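Shown next, in structure tokens, is the structure this report addresses.
A, B and C label the chains in the order they appear, each numbered from 1.
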Amino acid sequence: MPDPQASLDPLDRPPWWRDRRVVPWLVQGVVALLLLVLIAFLLGNLVHNLTTRDMLLSWRWLGQTAGFDISETLVPFNAEMPYWRGLVAGLANTLRAVITGLVGATLLGTLAGMASYSRNGLLRGLTRTYVETIRNIPLLLQLIFWYFVVFLSLPNGSAALQIPGVVLAKSGLYLAGLGQGMHWSLPQLVNGVWQAPLRLSVEFAALMSGLIIYSGAFIAEVVRGGIASVPKGQWEAATSLGMGWFATLRHVVLPQALRVIVPGLNTQYISLAKNSSLAVAVGFTDLYSVAETTLNQTGRALEVYLLLLGAYLAMDLVISLLMNGLNRFVQIRER
Amino acid sequence: MNPLLRRLRADLFATPADGALSLGLIALITAAAVGLVQWATQRAQWAVIQANSTLFAVGRYPADQQWRLWLLTALLTAATGVTWGLLRCHPRADRDGTLWPRNDLVVLALLAAVAFWLPWVLQLTPALQSRWWLLAALLAATRWLAGRFGSQLSRPVLRLFPLVWPLIYLTGMVLISGGLGLMPVSPSQWGGLLLTLLTSSFAILLCFPLGVLLALGRRSDLPLLRWISVIYIEFIRGAPLITLLFLGQNILGFLLPGGLAPDRIWRAAWVLTFFAAAYLAEAVRSGLASVPNGQIEAARSLGLSYPQTLVRVVLPQALRVALPAMVGQFISLLQDTTLLSLIGLLELLGVARTVMANPAFLGHSAEVYLTLALVFWSCCAALGLGSRALEKRLDPQTLSRSSSQP
Amino acid sequence: MTSSPNNLVIEARGVQKWYPNGYHALRGVDLSVHRGEVVVVMGPSGSGKSTFIRTFNALEGSIRIDDISLGNDLRQIDAIRREVGMVFQQFNLFPHLTVLDNLVLAPTLVRGRSRTEVQAQALSLLDRVGIKEQAQKFPGQLSGGQQQRVAIARALCMEPRILLFDEPTSSLDPEMVREVLDVMRQLAQEDITMVVVTHEVKFAEQVAHRVVLMAEGNVVEEAPPAQFFKNPKHERTRRFLDQIL
């Protein structure tokens, strides 16, 4: 611009490719064009390839008889029922795993996170080891370990591991509970087979052990970060009032830490929900596993994929909505 | 009282309740440790690892072509040694310039111990054993040479040296897959640790530029770029990796014209890349958000163009802040490669599962899976350590703290 | 100092500026600055004085002058930025570069000059602002006053035609204000053209050729410092001076 006079000349209109009002639109136009070409190319191929195989989008197969069985379901299902019932049963199993996992991992993670602020050096070291070990080993490997190494090597019958109220056997996990006639009843050995009001399959137990211990380590870190975000003065103030370690943590520090913890939990919950799809590796029939079987039988890759994706996106969305609500609640109480 | 005892007392036996807890924990830990050692030395049979060590390392890579992998390992070792040595002989102003600081000696001793101990444990043939020793010697030698004579290298040579790494990577690709006069080895014959490292390094290298672009797009002023990035990132992050791998295996073939779809292994590697890019973008975004607006204004007022501002001013600061989160993503990417076993590829876990399907090794899954866990743990922990060291080296704040003192 | 038109460095007429939220920040500001002149802009906070000097640098959206949008030519914007140096309230040094590299970055990248040549110039500039011995340190190791002096040297290293100061002493500790003002005084004696937004009355009295009062997005009064501080024409100026003196 050597001469500033030039920029004051009202007749000075820049060429369009240098005009700062035009260039952003130009860039976006080019990007949009490229994107449209790419999408058209992919969709064109998809339609062409599917048409030649006569596999264009259709949902009629959902009503056909499934022909496979699911070993444990919350909603009734058998091999004579149509595919869509199978997918619903799979979804119910996924939800069951996710909800149990969420509760368990939250409990374990919160305890471990609190323990990392314990006065006891040994406990602190132990939680640190737990977190550092678990986070550096792939979840899938851990799940396979729990299933094949731990649960499948459990003895059966009277040799099974027994803790009062709980029996761990190769045939499943038996828990005490309210049995027939609303009586409290313990697991019993009847003719060499365990009977109890509550039975979990080893597949489910392995999935839960893996998911809860893995997510628990991440949640412990979130909780630890939350506690770290509370100023030290809060600890000192509470201690000077004569409050003990647990009381300080429970009534003073944790409520303030929630502001930081809740957003972190949201991320961890969503990844737990997604990780539950690894159930397929330990033989627990969740949504993904049903979808895979369905695909292998019907060959309807695109439709099955859309259903799967929709289900997981919806699950993430629900978790996010709930956690955002909780977050708002926590933040308002703070003020 | 002895200070150690006093510390132990404050740490473990401050109150009766604490004392009881400590005693309980000590008993528990001792029992677990004793049990583990007993199992590992008496009941466990490590023959399953010994018998399948080649399978775990490289899968079904043809035996007569494995020299190519040894060559690649040697190249990588030499490059590591030289880089290590150069880093030491060009320390930052704040570090002491000792050629062999204690850390290095410890690391070297550890590596030497592994190089001697591992072949013995795996009962490798003397030929293989000597190769391991040669590799360890090569590392120590290159490290020493580079540390000793690195300071005599001219500036342009030092500047160009980092290019050695991509060059080795490309050479490695050729060595592994063949071509250029070498016998081609099809990807279906790659496996084990080789496949794990190949897919994860491929995905890490490629997801980095992609993730940075996506993060920049997400923070762009142009609404279209922002929306494309947001939709991509949220879509990928909403779906479990296994469904995306599923997409890659079953649907990618429909999206491309017949015959254009790559091999199954490459498809999986690309899916991993696109998956990791979305997560990496979020890490980079948090780094970008930490750069104050004043930095951009200052750069622009000095006349730097937008790309220059980005490359010289914004990204160096943003990536440094994002480094821990990015390495965290790389670590989980390395772990995510195990999912390839679910779509029938024989990476480490896939090999383990096929080995376990062999009736001869029935009942020894604990040995195999614990070994794998140890391998993954070491790799991930090493990445984490490396990231912390890099963070310290790059941080101008630690520099200012250590040298601003009189 | 002569005021012939070809000595004009900045001539702004009727500058208008709206923020995206509809706030009308500048409402037809006129200002001329001649070569070698030091203009001090004062005014209450929110009067648009920072916004105004940022328009010279195209850091704040587009300028409207006499009802015509100008400064939309990207090449011209880049050219303006090369020729206009700016010193910020928050220093805005690049924390990942050494002091010397902070100075060397722009001249080598933007003007394509050789590194050794720029380094020599940078060192002499650092000497001029009194911190030559800190050249190899990082900005985080310097005090606020030292950082601001580096920022001034950085702007000078591009050899700008005009230097803009946006409240250069406002975020400094009181004992560091003087060292920065001393440097600016020295620059004024070297006939460097400067527009300074500041609240430092003494600096304005001693150094400025003209003092401008801005309020509500307008120039209210424009006068030599003696007249501005002793005998202002406008009621608004009097009220402002009552508040700060």
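Here is the rule we go by: contacts are C-beta pairs under 8 Å (C-beta built on N, C-alpha and C of every residue); 3 or more make two chains touch, one makes a residue touch a chain.
Note that this is a predicted model, so its numbers are computed, not measured.
Enquirer: Please identify each chain that touches chain A as well as chain C.
Expert: B
Enquirer: Looking at CA centres, what chain is most distant from chain A?
Expert: When every chain centre is compared against chain A, the largest gap points to C.
Enquirer: Just the number, please: Cα centre separation of chain A and chain C in whole Å.
Expert: One centre to the other, that is 54 Å.
Enquirer: CA centre of chain A versus CA centre of chain B: separation in Å?
Expert: Between these chains, centre-to-centre, one finds 25 Å.
Enquirer: With centres defined as the mean C-alpha position, give me the chain B-chain C separation in Å.
Expert: Their C-alpha centroids are separated by 49 Å.
Enquirer: Two or more other chains touching the same residue: where does that happen in chain A?
Expert: Nothing qualifies.
Enquirer: Would you mind writing out the residues of chain B in touch with chain C in their complex?
Expert: Per the stated touch rule, the residues are 93, 292, 294-295, 297-305, 308, 312-313, 316-317, 320, 396-397, 399-400, 403-404.
Enquirer: Contact residues on chain C for chain B in the complex?
Expert: Against chain B, the touching part of chain C is residues 57, 59, 78, 81-82, 84-86, 88, 90, 92-96, 105-106, 109-111, 136-138, 140-141, 151, 154-155, 158.
Enquirer: Which residues of chain B touch chain A in the complex?
Expert: Touching chain A: residues 11-12, 14, 18, 21-22, 25-26, 29, 221-225, 228, 237-243, 246-247, 250-251, 253-258, 331, 335-336, 338-339, 341-342, 349, 353, 356, 363, 365-366, 369-370, 372-373, 376-377, 380-381, 384 of chain B.
Enquirer: Note which residues of chain A are touching chain C in the complex, please.
Expert: Against chain C, chain A makes touches at 1-2, 4-8, 10, 12, 14-15, 18-21, 23.
Enquirer: Can you name the residues of chain C that touch chain A in the complex?
Expert: 8-13, 62, 65-66, 68, 70-77, 79-80, 83
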